[in-house]
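What follows is chain A paired twice: with chain B in the first complex and chain C in the second.
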Partner chain A sequence: MVTVTVAAGRIAFKPNWWARAGWIALVVYIVYACSLLDVTWARFMVGLDNGARFIGRMFPPNFSRWEILAKGLAESLEIAVLASTLGILVSLPIGLLASRNLMPVWVTWPARMFIALCRSFHPVIVAIVFVKALGFGALSGIAALTVASIGFIGKLFAEAIEEISLKQVEAVRATGAPFMNVITYGVLPQVFGRFMGFATYQLDSNLRNSTMVGIVGAGGIGGALFAAFQRFDYDFVCAMLLSIIFLIFVGELIATQVRAIFLERTRVDEE
Partner chain B sequence: MENGAALSIQGLSKEYSRGKPVLRDISLEFAGRGFTAIIGPSGTGKSTLIRCINRLVEPTAGAIVFQGRDLVKLSGRALRDARCQIGMVFQEYNLVERLTVMENLLTGRLGYVAPLKAWLRKFPPGDIDEAFELLEVVGLTSFANQRADSLSGGQRQRVGIARAVMQHPKLLLADEPTSSLDPKTSVEIMTLIRDLGTAKNIPIIVNMHDVELARRFADRIIGMAGGVIVYDGAPAGLTDGHLKSIYGGEDWLR
Partner chain C sequence: MTVAVLEARTWRRFTPAQRLARFAVYLAMVTAIVVSIQTVEVIPEFMLDAPEQMADLLKRMWPVAFAYYPKGVHEALVETLHIATLGTILAVLMAFPVGLMAANNITPSRTLNYIAKLLLVSSRSVNSLVWALLFVAVFGPGALAGTLAIAFRSIGFVGKLVGEAVEEANQGTIEALQAVGAPWLSVLTKGYWPQIQPAFWSVVLFRWDINVRESAVLGLVGAGGIGMALDTAMNLFQWDRVAMVLLAIFAVVIIAEIVVTAIRKRII
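And now, the complex of A and B:
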């Protein structure tokens, strides 16, 4: 037998008082915020009552004004595709410039600032700004969603480049290849798969957002949707909502197909 | 081929952090042909020495004269042109994993092909013919269109060697090319490097830590310890005494 003396006052699990205080503070703040904003059960029940009447008026959906609907949807689709294409094209070089493992600090710093700026505001706020600057219509919507795309893809693309294997890049550099060849042979093959993933995700996201920028006058089906809400044409609202769901669904299918085609190359061949 | 010294290293030093030199005042001459093995324990600067030659590592002091020019002073276009003339084989192969074997071979020609053409895979037909011939030599013809990450270690290193030879180098460097491979494959890879070097008349400098492998393949052995050269001569002249001063201790020699 080995005899072991244990020190008095031992503690197996040390309490973290800062964490406990933090949790308590969070609970107190939630209760306070609820009382301030009239978030009560009674208020919720009143809301439910109203909601039932609203949903009742939505059915059956009214597709009689399908021309307006189709025109809005088509415009949303155009905004989404144009903004995605433009945004992806711009974010490729910006993302490359922002990657700290390939570029010197004086290049990455401004590129990162630009990306951060593009990400600072919600697309709706950017859309409002563009509507004020460029006027009503699809052009403002395209500009707003392009900015959002640059912010998203630029950042993820830069991060993807920062995670590549530099050994592969080193080998291409050692062959005496000029910079652009190092990029196309040493860097792009390593990030291409992930880049296609980001791009299709962004197209998907832009489809959704393009139905919304219309609310602030930046083109697409959002404008018609907002007008119908204000006129209490809830059956037409329902028709538009169903169409948007359909559009998003089709977009998702196409994105999946695109990923299947392009990512096939990046899967390990087993033979 | 020019005769005499193809590569001359003069007073080469390298410090990664100030006051801690990894290479101390190295001077070496290399002839226009032959297989030189640099042996020594891990961390003694073998890899740094090799990488200083094609400037993957920046030397702190010294000159590296290759084809009449001091590589240390080159930059930009002139440095890339010099790198085109120096092939390199890496310990971990360093193939571009997601490119095919053929694309990896043609990477060796990237110093000669304009970016747009390279991106569109519009290489000169001669390059492609040569790549297929080299694949035949290294025994990987049927793998041409397979991705590099689907190959085994030995196969990858064959691609790595073929990529370096595609450059038509006037010097071939290899940094521990067999350290990640089993003994049988190691011998096959070394044989391939030596035979290609002889056939194409390229001088070869290989880092390795396996003394027996060095004795078997090299015409000249350079032993390094602590950032300096402690032996430089024929394999036959390498004694246990030299090995002791290179690797330290003696128990492992028995």
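And now, the complex of A and C:
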């Protein structure tokens, strides 16, 4: 048996000088960045005063112009649904092309580049470009969120395909099935549940962003929200914000339900 | 004989209830898509000249105004990075107590757990641009509003993941510490912290990466950073400068992603 000798005055937890230096560096950075960004206590206090007045003007929320509100929300919903549909349809083949276990390198590389490009810009910035190309309105919003969806679902879908078991693919191939059948019978059944999960997540995320692209004129409730902000119409802003949060809440609940249906451990039952 | 029995059986992957639920989801999806297509206000004429407009846009963007970088972009870009970093730090400071409050093994009170979870959800369901609008209205335009917007938007994300990591922590270490009579704070720092550290750093890095992207657009509503430069250039139709700003954002986002991946590989 190994005998452990305990030295007198042993310290249970040795001081970690690197961690301490890290904490000091962090504090120094915070002070430096605050001074650079002109973040001062005085400004903060003035802001708190402002904030109280601001919140006072927001309540009670004003729902009297509910037609504008309902129209904006409906348009946001439409943008989210259509952008998710288009994005998913496009990202299916692209995700497949980007999966390294099924495709040769010269195919995956450009597909991955394309996905990375779609992901690198915020949807609102993409919306700016589309507003110029397609004009104001829901169409630009749909286009912008489609790009965002391709970036997200394409990446996750490619990763999901890369994690599948190749045994089933091999089995389908061994029967002499053509390429499309290998995909539909060997690959898709393995990733479908997770794919539905990504799709509902993306719908959720598109719903959040579709309420925002209106700020640059790409349709949805964002335009009305931004306009009301600039008119200091804060009680209407509050009504819109509450509606948006409610909508997103409901969307999240539905998304959780759908995920539960499709990600349930699929038992093999006989009837 | 047995073969015949097997053939008479019908094997199905899902139960009737599962199939019904799935069918309901498909039906809802198709309905939503059809209704959206029918009601969305799209002006088809706008699509006809889209290629022309796109070509025009690219022509105006070229050549990219690289000369504009030192005087108009660099400072704003650095400000964006500071907003993202400071916002993340602030978010972590605020998210820790809320995350601990949401974890049932640290805060054994269901009511407090629910309050914390409600705080986290409401932080997440307000978009960072909306947070920015609110803070611009309160603190005036500038980086302070942007930093707070980033921080408040991130609390939900960081807090949720911290809370989950704490709940999943192995209780053996905790019990050992409690058995020797360690005070509450020591249990936290010596029992929980080493266990949640890997998850924590990966969450923080991931969130910082997202925040760099998000802080680039906050300027559109006046909350500081490179979005301000973008907004100004766009309002003046200086598309060559817009191209410069977009290039700068693209470069920063790519660099941030590379940095995050490199750090993650080294520490996790």
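In this text, the second predicted complex is superposed on the first by the 233 of 271 C-alpha atoms of A that agree within 3 Å, B and C clash if a C-alpha of one lies under 4 Å from a C-alpha of the other, contacts with A are read in each partner's own complex, and residues count from 1 in each chain.
The working rule: contacts are C-beta pairs under 8 Å (C-beta built on N, C-alpha and C of every residue); 3 or more make two chains touch, one makes a residue touch a chain.
Values in this document were obtained by computation on a predicted structure and should not be read as measured data.
Participant: Kindly classify A:T184 by the partners it touches after superposition: chain B alone (first), chain C alone (second), both, or neither?
Facilitator: Once the two structures are laid over each other on A, A:T184 reaches chain B alone.
Participant: May I ask you to decide whether A:A74 touches chain B, chain C, both, or neither, giving the answer as first, second, both or neither?
Facilitator: So A:A74 only meets chain C here.
Participant: I'd like to know which partner A:S120 touches here: chain B for first, chain C for second, both or neither.
Facilitator: In the superposed model, A:S120 contacts chain C only, not chain B.
Participant: Spot which of chain B and chain C makes contact with more residues of chain A, would you?
Facilitator: When the residues of chain A touched by each partner are counted, C comes out ahead.
Participant: Please work out whether A:E163 is in contact with chain B alone, chain C alone, both, or neither, and reply first, second, both or neither.
Facilitator: Neither partner.
Participant: Of the residues on chain A, which ones does chain B touch that chain C also touches?
Facilitator: 266, 268-271
Participant: In their shared complex, at which residues does chain A touch chain C?
Facilitator: By the definition above, chain A touches chain C via 13, 26, 29-30, 33-34, 36-39, 43-44, 46-48, 50-51, 54, 74-75, 77-79, 81-82, 85, 120-122, 124-125, 128-129, 132-135, 137-139, 142, 208-209, 211-212, 215-216, 219, 225-226, 229, 234, 241, 244-245, 248-249, 252, 258, 261-262, 264, 266-271.
Participant: For the complex, give me every residue of chain C touching chain A.
Facilitator: Touch list, chain C to chain A: 9-16, 18, 21-22, 25, 32-33, 36-37, 39-43, 46-47, 50, 53-54, 57, 79, 82-83, 85-86, 89, 121-122, 125-127, 129-130, 133-134, 137-140, 142-144, 147, 190, 213-214, 216-217, 220-221, 224, 230, 234, 246, 249-250, 253-254.
Participant: Using the touch definition from the top, list the residues of chain B that touch chain A in their complex.
Facilitator: 54, 56, 80-88, 90, 92, 94-99, 103, 107-111, 113, 115, 118-119, 146-147, 149-150, 160, 163, 167
Participant: Note which residues of chain A are touching chain B in the complex, please.
Facilitator: 165, 167-168, 170-178, 180-182, 184-186, 189-190, 192-193, 265-266, 268-271
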